[in-house]
Structure formats: C-alpha cells, structure tokens
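In what comes next, subunit A is part of two complexes: it sits with subunit B in the first one and with subunit C in the second one.
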Partner chain A sequence: MPSIDALRELKTCSARNRCQAHIKYLRGLSARTQTSPAIQHVIKTLQFALKKLDSNLAALESDPVPPFLDEDQIEATIQFKSGLLIRINAIIGLIDVADISGVPGELVAPLRIEIRRQFPDGELIIVPAAELNYSIVEITVYLKRLLADLTCEIPTDLPPKIFRVAIPKVEFDQALLHCILAHEIGHPLFRELEIEQKVSPISVGERRINDLYEQLKATVEKAKPDGTQRELPFGEVMFKAFVTENVNRIIPTWVEEIGSDMFGFMTFGPAYVLAFIYFCSSVFRLNSASESHPPPRFRIKTLLDRMEVEFPPEGLGCKTREFLNTWREIARREPINLNPLQQIALDTIQEQGVVDRLYNAIQQSLPDDKRYSKARYAEEVGPLTELIDAMIPPAEILSDKGYKPTTIPGILNAGWECFLAGLDKFRECLPEGECNTVFELNHKFNEFLIKSMELNQIRRSWDSARNDVISGKN
Partner chain B sequence: MMLSAERIRQLIHDPEPKPKDRISITPILDWDRQAKSGNCSIDVRLGQKFRVPRRAELEKLDHVSPEHEDKIGLYKDDHYVPIGDRFVSHPRQFVLGETLEWVHLPRGFAAYVIGRSSWGRDGLVIATATGVHAGYSGILTLEITNLGEIPIFLWPGLTIAQLFIHRVEHGGAECNFHRSTYSGSTFPASGSAAGPDKEIIRELRATLGLKE
Partner chain C sequence: MGEPDRVLALATEAMRGGNLADKVIFTLAKAAGNLKLEKQDHEVLRQAVQFLKEVKSGYDWIDEPTISPESKTYAFSFKTAASSWWQMVSSPLQFVEDINVMIKTTEDLSEDKPPNRDSLRKTRLFFDRVFRHSIDRFSTLTARPEVPELRDAEY
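Entry: the complex of A and B
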C-alpha cells in the first residue's frame, strides 16, 4: 500500500495548495471595485465552494483508504474532487476583468436595467471581449452544477440568473452598436419562453434531399470519361440519413439565431435592425453561413420584412428610410455559395414559414410591457431627436406631468435617427475646432449617448429607491 | 437679473420654446429640494466621475509647454463611483468632479456655480472656475479640494453646489455667439489654460534668450 498512500498524499496535497491559491486570488478580486453587484455574488459562491472543496480534500487526505480500492480507483476518487478546480478556475476567468479598471461602470448600470426589464431577478456582468463579437453566458448554471458536485446547498442570496455579456473591448464607447445586446438577451429568452417547442416540428424537406442525391449521383456517373459506370460509395438510405441528421443539427441553431434577432427587434425596435446591419456588414460576409449562424443576408432580409410591417417607412426619418431601402435591395437577393447542407436548412426554413411561426410565437410569449412598440417609437423618437440636435441628453422627456424618464431603447432609436441624418445639428453645438473628422464626431456622439443612458439610469434608480424609502421597503 | 428658483423651474418646464432655446438641467431628481421656493438658485448634485492627478508620474503642470495638451490626459486617473458608493477626499487633495446634471443654457442666460455652504464649513472647496457661459451644454466640472484636516466622503448623488442663473443683456446689436470651450463635456474635463498665448510667450522667451 505505500505507493497508494504516497499517491493519495501527493495528489491531495498539491490540489489543496492550488485550492488555497484560488482562495487567495479571489480575496484580491473581491477587493477590487466591481461594476456589478453580481460579481460579488459569484466571488462569494466560489469562495464557499473552495472552502468546501478544501475540506473534502482534507478528508480524502486523512481518511483511511478502503482496502478494496486499487490505485486507479483511489486516484479517480480524488480526481472527482480535485478536477473541480479546473471548473472553478474557468468561472473565475469569466469574471476576472469585470472590475472598474476594465469596464466602464456608466455603461453597465443602464444595461443592467435592460436585462432586468426582461428578467426581473436577473443580474448582469459585463466583460471586455478581445474578439470583435458580442456573446452571452449564464453563469448561474455553472455555479449550480459546481455546488451540486460538491454536495453544497445553493446560497439563498444567489441571483437566479447571472448573465455574463462580453462586449468588444475596443468598442465599449460605441453606444449605437450596443443594441446588439438585445439579440444576446434574446438567446436566454428564446430558451426560457420555449420558443423552439412552439415552432416545432420543422421537418427537413425530403424533396430537397432527393434532389441532392440525384444531383450527386449524376455528377459521379458522368465523371468517368471512358463511359463505364461509376457508383456512389454509399447507399441512398445512408446518404439521406447523413444529410437529414446534419441538417437537423443546423436548423435548431439557425432558428435560435433568427428567433434572437426577432427578440432584439421586438425589444429595441428599429435600433436593433440598424445596429445589426452596421455590425454585420463591416466584418461579416453577407453570404457566409456556419453551422451555428445563418447567412447575414437572410437575417437582414427577415428583419427588414418585419420592419416594413411593424414600423412602416413613413414613420421613419428620411435618411433612415434611404438607408433601409438600400439594404432592402441588397438583402433581396438570395444568399449564394452555401454548402448543400446549409442550402437545405435555409430552404426548409423558408418553405415551412419558420420565420412567421417564430414571430407569432415570440409575439404571443413576450408581454407588451417588455416590447418596444410602434406607438412608443412614434411618440418619443421625434421629441428625443430634437433634444439630441440641441445637444441635450434624451434621458428625460417633458410631458404634461413634468419630466419623465425615457428608456434605453428610446434613447438608442433617437440616436440612430440622428446618426443616419448626419449629425449636422449636433456638430453645430460643439465648440469650434472640435471633432474635425467624421470619426471624432461619431466618437463624441456615442460618448454623449452613453452619458444620456447614464443619466436616464440614475433618474430611474433614484425614483425607484425613493419609492422604496417611502413605502418602507428594505 | 438673477432668476428665482420658481422662475428657473417655470422656464425649464415651459413647453413653448424649442429645446435649444429652453434652459435644461437634467435630471433633477427632486424638484422641491433642489429648487426651493424663495431661493434664487437651483441645487446641483455630485456626479459619478472623478479625475485625480497621478502625482507619482506628473512632474509639473506647464500650460506653455508644447507637450502639455498631449500629456495631461495621460497623467490623470479617472474614477467612476456609482451612486451608493463614495469617493474619499483626503486633506489637501485636489480632484476634478462633475455635476450629476447636464446643464444647457440658451443664448440669453448664463450662470455661476457656487459650492454649498454646508460642505464649505467642513473645509471642502467645490468650484473655483464658476462661470457658465450662455450657450453652454454639458456637465459642469467641479474643482474640489479638501482644505480641512479630516478626510471627507464624497457621495455621488448628494447636492453639492448651487447654480445661480441670470439673464444676459446684449449691448446694442446681437453679440457674436461663441460656443463654450468645454461644451459637450461628458466627464470632468481639463484643458489648456494658455490657449494661443503660449505661442507668444514661447516667442518672447526665445527673444529674451531664455532656454526652453
């Protein structure tokens, strides 16, 4: 038994050392000024998990080895616990750079309010992304799995949903692009509201698969110049099963992407469509699809079709209309150069009216107060653009009952209107000699929009806290 | 003529003029407290951003130096303190802060920012460059120094200064309207105090044979 004992001691001892290193690191992380209260919740949960893990390892180190276990089984028992360190480390990596030195706090607070509009108990952590893409992960799921593997109870104060959103680091100040977040919030909504089930079934068109098989067969048969017959190296049934399986893998992910676009559109209105077009057209090819994402050209088309119905052109500014008309022309063309599997997936989605089914399912599932309506757009965007033109943050709007706070989608929709109109009036309000280039002007404008979002958030948070004080809550 | 708090309130709520021609102070979180009846000012609150000189790296402030404008931004640390948290102002420490409110003054109005006396009695000097010109639109930068003996917690969201607004009279014909240097500021701004005069001073130094 000495080799077993030695292995056990070495393995638990090194794991406990690394456990302590993580505890120490988290202590330092906890001392940083964080941008969101959710980060402290994650840190506290991880500290709790690490203490439990350390005591589990201490027990494994000191408890007698059951005589019926061999060396491999002993190692596997310890590994089941020590391996959790890898997962803890990965979770730390998710929140490591979310403090005030890495993320502008004035951006987090307003976006947190937007998350809570859709998920009232939800929390938001924003981190800088090195890549030029937005993404969302729900951290609570990982924490709960970790605690389950440690047989720990979930802390009662842990928020039920903590979303970690990565925003391209170099574009933190690009307020207009942040409408893309509406799509990211759409992903968890898509799952929570079970939209996939509501649009099922989507069956892969058999005719398309038959056509593909016949096409392939004909190509192979023609391939031999001496006229002798050549056969496909697989049978018809096997081929069709392969295609069906792969297309069935593509369709749900594409449907979720299109569904999340619909959520983005319904929660942010035209601002989402405009941001998506801007975001996609600069760095993605319009015809380029992947297993997880349908071609941007098709996504833009579906959004523009929906825009035409929900936000008719006559309600939009002249320049916005021009911009959308140009894109309508571009998006009208069918995507090309898709691989056969992607083409079948796209044809299936189009032929079976999946987009309309998605839209109807989301419309029925998303309550009115969580949507950005045509009426709201018509009511607020005009007055808000007037404020922007005078370089007054559109954080509040004057009504018969005094100044009332606007919303983040309202600010961004008005922002897009002014941006597409060229920002001439905004520029006139700036000191002479400032913002001499288009880029400087755009930067200044986005900075101004972030300030507007900050002021709007302060107004709403203050009102809410004052109401809590008056009602004696908390 | 100085405007009373009631008059300021009326003008801000007047729906008639276009936003550009209306006084705007946004957001006012508590009208009754910030624009007290009988006062001739409106209280403004402390904002969330602070700018602190990096003393360990900044060797001097020389507004005439050619590198001043390029370098000054590098030698200041920006702090964001959300409402609910606080910034500690130590004795003799100088920081730039901001008003929480965005102030927009149309052509016919100008203003002065003055620290609230209750802070002054604790030794806190809040604003020294206090004039706000007609046509200004932006947050107001506050020059905050703790002249007292004891550190003071600065809580964003607390009322910290008061804004006295008055009408601007033009002499005869409408005067030329200059857009204020710091108009459009979204955070505490610092800049060049010398302006074009620095070129002249440098030239004079060369004439006098003084070294750079």
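Entry: the complex of A and C
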C-alpha cells in the first residue's frame, strides 16, 4: 500500500504542476492583442477546465484508495485523467498564433462575414498555417467534449460555434486561392445539416468486401517456419476488425470531403472549382488518394460534372471555358494506383451514386440565400469584371437603387474570370514598370482583390451601422 | 477535415472507450467485492451492455456491409474490443462467445442477479484491457509524427 500512495502522490502532483503551468501560459496568452474576441472565450473556458482538472486530480490524491484496485489500475486511472491535459494543450496549440502580429487584419473581417453568412452565430479565429494547406476546426465541439469528460457545466457565455481557420501564412495575400475556404466551411455545414444521415445507408456489397478481405489476407499472411502453411501474423479477429474499421472510416471520410466540395461549389460557384484545380495541381498528384481524401482527379471530375449542369459554358468567359475544357479532359480518366481500401471506397461511391445523392441532399438542405446561384453570377460577374479591368475595386455594384455592396464570392468569381483571361486590361492600368513579370502582376492583382474584399466589408459595416441608427439600435 | 481536427477527433474518440471502461472497471470491482451497486452503477452497466452489443454488430457488419453513422460506431467499438482482446482468443468463434458471455454477465449484474464468478473475472479483464488500449491509443495519436495516417493533406 505505501508504494501505491507514493505513486499516486507523485503522479497527481506532477500532473497538477503541469496544470498550473498551463493556467499561467493562458494568462499570458490572454494579455496579447488578438484578432478575434472568440479567443478570449476559448482561453476562459480552458482556464475553467484546467481548474476543474486540478481539483479532480487533488481529489485523486487525497481520497482513500479503493481496496479493490491494484497499483497498476490506480496508475492507469490517474493517467487517464491527466491525459485530459494533452487535449487541453492541443486546443491551446490551435489558437496560440492567432494574435494580431501573425494575421493580416484586412482578411479577418471579410472572412468573418463569410462564416456568418452560413452560421449567423459563428465566431471566427484565423491563424497562419506553416503548411501549404487550409483547414478548419470547430473548437467549441472539442471544448464541450472536454467539459463533458470533466463533468463540468458549459459556460453560458461561450459562443455556440467558434471556428478556427488556418490559412497558409506565405499565401495570405493570395485572394483567389482563399476560395478553398468555401470547402473548409463546407465541413461544419456537412455536419450541421446532417448530410451523412441523408445519404445513408451506402451499400458496399458483400462480394466486394469478401474480395478485399481475401486480397488483404493474402498480402499479410506469413509462411510458417516450415514453409508449408501460411498464417496471419495476428488474430483473425483483429484482421476482421481492421477491414471493418477501415472501410467504415475511409468511405464516410471521403463522402464528407466530396460533400464539402459540393458545399464549396454551391456557396462560391465556379470560383471554388477554379481555385481547387489551381490549388491541387500545384502541390498534389492527381491520383494521390489518402485515408482522408479521395484522389484530386475524381474530385475535380465531380465538380466539373456539376459545373456543366449548374453553370453552363455559355455563361462563362471564353478563357474560363477553355481552361475548364482542358481540365475536363484530364479529369475524365479513372484514378489509378489506389490501394485496395481506397479502390473499394472509390468504386462504392461511384456505383452507389453517392455524388448525386450528396448533391440532392445538400440542395434540399442549403437555403437559397446561402447559395451562389447561376442568376447571381450572370447578374454581377460581367459588371464586376469591367470594374476590375478599369482597376476599380469591385466592392460595390450599381443597381436600380444606386450602389449596393457586392459579395465576397462575387468579387472572387469576377477575379477568376479576369485572371484566366490574362489580366491584360488590368495591367494597362498599372504605372509603367510596376509589374515586370507575370508573377508580379498576379501578386498585384491578388492584393487588389484583398483590398476590394476589405472595402466591401467596410461598406457592409457602414450600411449595418446606418440601419441600426435608423431602427433605433445602439 | 484538417489535420488538427482529425488529431483532436481521433484522440477524443479514443477517450470515449476508455471513459466507459474506466467506470465499468470500478463498478465490476465493486460487484466482485460483493459491494452494493448504486443507481449510477446500473447506468454504467447499461452502457457496458450497449458497448458490447455494438461490438457484436461490428463483428457481424462484414456479412452485410452497409455504411451509415451507426455502422461507424459499431466498427469503432469492434475495433476497440478486438485490439484489446485478440490475444486472448484462439479463433473468431471464441471472440464472439466471450462477448456473449460478457453481455450476459453485465445484464445479470444490472438486474442484480449474481453473476458467474469466472464470467465476471473475464469481463473485468476485458474492460481493463479496453481501458489500457484506449490510453495507449490516445498516447499514440497525440504523439503525432509517429502516426502516418495523420500526415495526410487537408485541403
């Protein structure tokens, strides 16, 4: 018994010390100037969780040891509780670099508007990503699970949704690529609108699973020392569980990715498809699938198929049509070199009509005012490209009732049309010698679009303030 | 889903099995010590029965393979159970028999019927192994660079 007590004291004491270190660190983080008020909510909630964890550990330290638990079980119990500290640390890591010195202010407000267009009560935290990748995390989900595991109440002032969006920091100024964020916003929409439930069940087929089972089994079986009989290097049960778990993980994950692509397309229109093609073609192989993502070739094909129906070629600029036709040819080919699990996921998705099911489910679930329609594209992209060609920020558009603010997808769709058309007119407006290379021109153009998004946001805020005054709101 | 989201999701998921096992171990230890089971112990036993039934559904999934939100839960529970118990059985049939025995044991306990002592010992050992497996899985997942599945792209 004394050794149990000593072990218990040591483990809880060191875990409590580390809790205190986290509390101190969060105090320092709280003092930094942040780009979003949501960060303070996350910090406050984590401080609350840490205090609760500390008191749980203190109880483990002082409560009598249950006589029916041995030393190993006591250690495992403390270990399990102190493991929450790792989760808290992981959440701190998500917001650690979101202070004002790391994120350009001109991006924050326009992107917050986009988040609020889909989630009116959503808060946004933007962080610079060291990787060449975009990502989104709904932090509130993990905060709530953490508090549930600690058996604590959720603070009443915690915003219902806090999204942490990571943008490649070396490409903060690449406005056109930021359309990828439409896909990222698609992930929480996919869950919120329960799209997975709406496209389920998806039949994989008994024969296909059996074939996969036998194929994988043949690959991993090893010969017995005498070479006469072959056996699995682990239990048959484990192998069965491996197949079951992997198929049940890969297919739903791929379905969510394709669904998020659909959301990206339906909320941003062609701009998302064009950005996705550019984004993928530079850093990913078209046939490179992973456990979490279908091959880009297949994703591009599904997006282009949908584009053809929703945004017929005649409504697009000539150069955009050419660009899309080239990619349609490339994407038409079947992805190759997939592993057996990836192949089964792709075959199932294709044969079970999952893409159409996804599209129908999303179309029925996403309200019209949250979509970017063909009608809106036709209405605004023409006038906005004219503004861009004249180097006038496309932040507003002239209507029957005077100037009204455009939308972020509108600016970016017009931006892509101009970009694919070669930016000749835009270049003519620049002072001579300003842009000597295509890359300098592209850079200038993207900066111009970021500025347009910022002006658009200012115009919207102004309208909102004016309406508040008129309606008597403070 | 991006990498940070996946890491947190998988780590939180790993904790789910462990969280239940932690409570079940405590309750089963009380039962083994002939201590009176309280209301919350019965709730824990109900959750244990549900988990074990999910394991069985996950085991049977391969005979009628259909993907749904429920099948994901079954598959996760089956994988957790198999990873924790495969070394204790010599065949898939024995695995199923063991799970059936454990279902019967936890159901008996939840109805305040005295369980078979050997079955109770086996059930305790099973949840103990689930608990340790969950802790190890959590540690592996949070040591990110060692997990190839977490290094995927996240666009």
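Here is the rule we go by: the second predicted complex is superposed on the first by the 350 of 474 C-alpha atoms of A that agree within 3 Å, B and C clash if a C-alpha of one lies under 4 Å from a C-alpha of the other, contacts with A are read in each partner's own complex, and residues count from 1 in each chain.
As a working rule, a residue touches a chain if its C-beta (ideal position, glycine included) is under 8 Å from a C-beta of that chain, and two chains touch if they have at least 3 such contacts.
None of the values given here were measured: they were computed from a predicted structure.
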| item | value |
| --- | --- |
| Which superposed partner A:Met391 touches (first subunit B, second subunit C, both, neither) | first |
| First (subunit B), second (subunit C), both or neither touched by A:Leu430 | first |
| Contacts of A:Trp462 with subunit B and subunit C, given as first, second, both or neither | first |
| Which of subunit B and subunit C A:Gln20 touches, first, second, both or neither | neither |
| Which of subunit B and subunit C A:Gly105 touches, first, second, both or neither | first |
| First, second, both or neither for A:Ile86, with subunit B first and subunit C second | second |
| Which of subunit B and subunit C A:Ser55 touches, first, second, both or neither | neither |
| Subunit B versus subunit C, judged by how many residues of subunit A each one touches | C |
| Partner chain(s) touched by A:Arg145 [first = subunit B, second = subunit C, both, neither] | second |
| Intersection of subunit A interface sets (partners subunit B, subunit C) | none |
| Contact set on subunit A toward subunit C in their complex | 66-69, 73, 76-77, 79-80, 83, 86-87, 90-91, 93-94, 133-138, 142, 145, 149, 164, 166, 180, 183-184, 187, 196-197, 200-206, 208-209, 213, 234-238, 240-245, 247-249, 251-253, 256-257, 276, 279-280, 284, 290-293, 348 |
| Subunit B residues within the subunit A interface of the complex | 13, 15, 18-20, 24, 26-31, 48-49, 79-80, 82-83, 85, 100, 102, 104, 137-139, 157, 178-184, 186 |
| Complex contacts: residues of subunit C adjacent to subunit A | 1-8, 11-12, 15, 18-19, 22, 25-26, 29-30, 32-33, 58-59, 61-69, 71-72, 74-76, 78-79, 81-83, 85-87, 89, 91-92, 95, 128, 131-132, 134-135, 138-139, 142, 149, 152-155 |
| Sites on subunit A touched by subunit B in the complex | 33, 100, 104-106, 109, 386-387, 389-393, 395-396, 398, 402-403, 405, 429-432, 434, 444, 447-448, 450-451, 454-456, 458-459, 461-463, 466 |
